[in-house]
Amino acid sequence: MIDVLYFAWVRERIGLPKERVETNALTVADLVAELTAREDRYAAAFADVSALRVALDQELADFSAPLKGIREVAFFPPMTGG
Amino acid sequence: MIDVLYFAWVRERIGLPKERVETNALTVADLVAELTAREDRYAAAFADVSALRVALDQELADFSAPLKGIREVAFFPPMTGG
Amino acid sequence: MPVRVQAEPFDFGKECAGFGQGGSSTGAVVAFLGRVRDDSGSLVRMEIEHYPGMTEKAIGAIAAEASRRWCLNDVLVVHRHGKLTPGEAIMMVATAARHRVAAFEAAEFLMDYLKSRAPFWKKEIAADGAAWVSAIAEDEQALDRW
Amino acid sequence: MPVRVQAEPFDFGKECAGFGQGGSSTGAVVAFLGRVRDDSGSLVRMEIEHYPGMTEKAIGAIAAEASRRWCLNDVLVVHRHGKLTPGEAIMMVATAARHRVAAFEAAEFLMDYLKSRAPFWKKEIAADGAAWVSAIAEDEQALDRW
């Protein structure tokens, strides 16, 4: 079980801010593939992962990063703070 | 007649902030030569003109600049504001 | 607290008045204020979403890195989230150092990293619709100089 | 008045509070504060001499050039002269622009030019003697980047 969080337009497309996901995905990319296969709204959110960023346990990471030991994954568009 | 002003350590070496000078000097350098010839305190202040700056009518200028039409000449060390 | 993430407005003048004033080893203070612009003239409000938990951690790491690189005597980052109106203060950074170059560079470093590495997302709500602000390539490229 | 040369202290916080707040075309404000440092621990006071008349003219020209180059919405320069104690505010600049890069660059331009082109001279009075602050080559070189 892993907590998956969505922010900004990723949250809007998927339609929720957070969910618990039962997964055996080894990497972020595997998890994205699993989610994309679920429903159209996920496919819409993950259509172009080059437009997305991911954080593992609140640290920026790559889509190739392993999920072993990770409790929280967050997907969001590039940040626009400041 | 021209007003000659001195600032910072130039003022301290010459011992006054301002004086009126009767001169026929054509350039700043000529005026410096005239002043230097006057007294030791002027010679001390103008010993190294590369360490000095000059303003003509309140605009920075070169030592080779002509004095024609100028009413106020100021000598001072490099500025240290800010 | 050198890092604050808050929904409440902050007072840029008061923050500046209270910043970096102690001691006499600080020769230079730089303060930056970011405000909600209304380029189109039709902006109703800006909404800023963030990632609670990660936000504080990310800004703290950026501020710590700036303090280390430029040997700052003091540093402050305040960033709002939630609903803001045109002209309102979004965020500020302040740096205190011995010399001006360090204070300026550290403040620009903080801004460049906050723009692209702190988890905030801006949405503009205008009279004719709402849109998420897009990240721009220049902001990402700005990180290259550090 | 965007340029003030004065013997009286000024309040950095108040100046920041009142600066660049009008309208919603200003997205970025940068403020710089210069303070009297006491590196040796024996500084009694700083005395700043200036050239009345030329000072205002020189700063005005520098501020006008910055406004022109970076299309500033607002600019402020305050510089003190006379006697100051360690930790006291010497001077400040502030810039308001649409974007942060312009606000930062214009503030740094102002500082670089004020340092070397505005007629101020600093004298440090310490317990063991007084000395005029020397101009440093770095400050002159800083002008080359503009």
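Each chain gets a letter, A, B, C and D, in the order it is written, and its residues are counted from 1.
Assume a residue touches a chain if its C-beta (ideal position, glycine included) is under 8 Å from a C-beta of that chain, and two chains touch if they have at least 3 such contacts.
Since the structure is predicted, the reported quantities are computational estimates derived from the model, not experimental observations.
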> Among the chains, which has its CA centre at the largest distance from chain C's?
Replying inline: B
>> Measuring centre to centre with CA averages, how many angstrom lie between chain B and chain D?
In response: 26
>> Please tell me the distance, in whole Å, between the geometric centres of chain A and chain D computed from their C-alpha atoms.
In response: 48
> What positions in chain D touch 2 or more of the other chains?
Replying inline: 34, 100, 111
> Got the chain B residues that touch at least 2 other chains?
Replying inline: 82
> Can you list every touching chain pair?
Replying inline: A-C, B-D, C-D
>> Considering only the defined contacts, which chain D positions touch chain B in the complex?
In response: 34, 48-51, 53-54, 57-58, 79, 90-91, 111, 114-123, 132-135, 140
> For the complex, which residues does chain C have touching chain D?
Replying inline: 11-18, 20-21, 23-39, 43, 86-87, 98, 100, 103-104, 107-108, 111
>> For a test of understanding, state which residues of chain A touch chain C in their complex under the given definition.
In response: 5, 7-9, 11, 55, 58-60, 74, 76-82
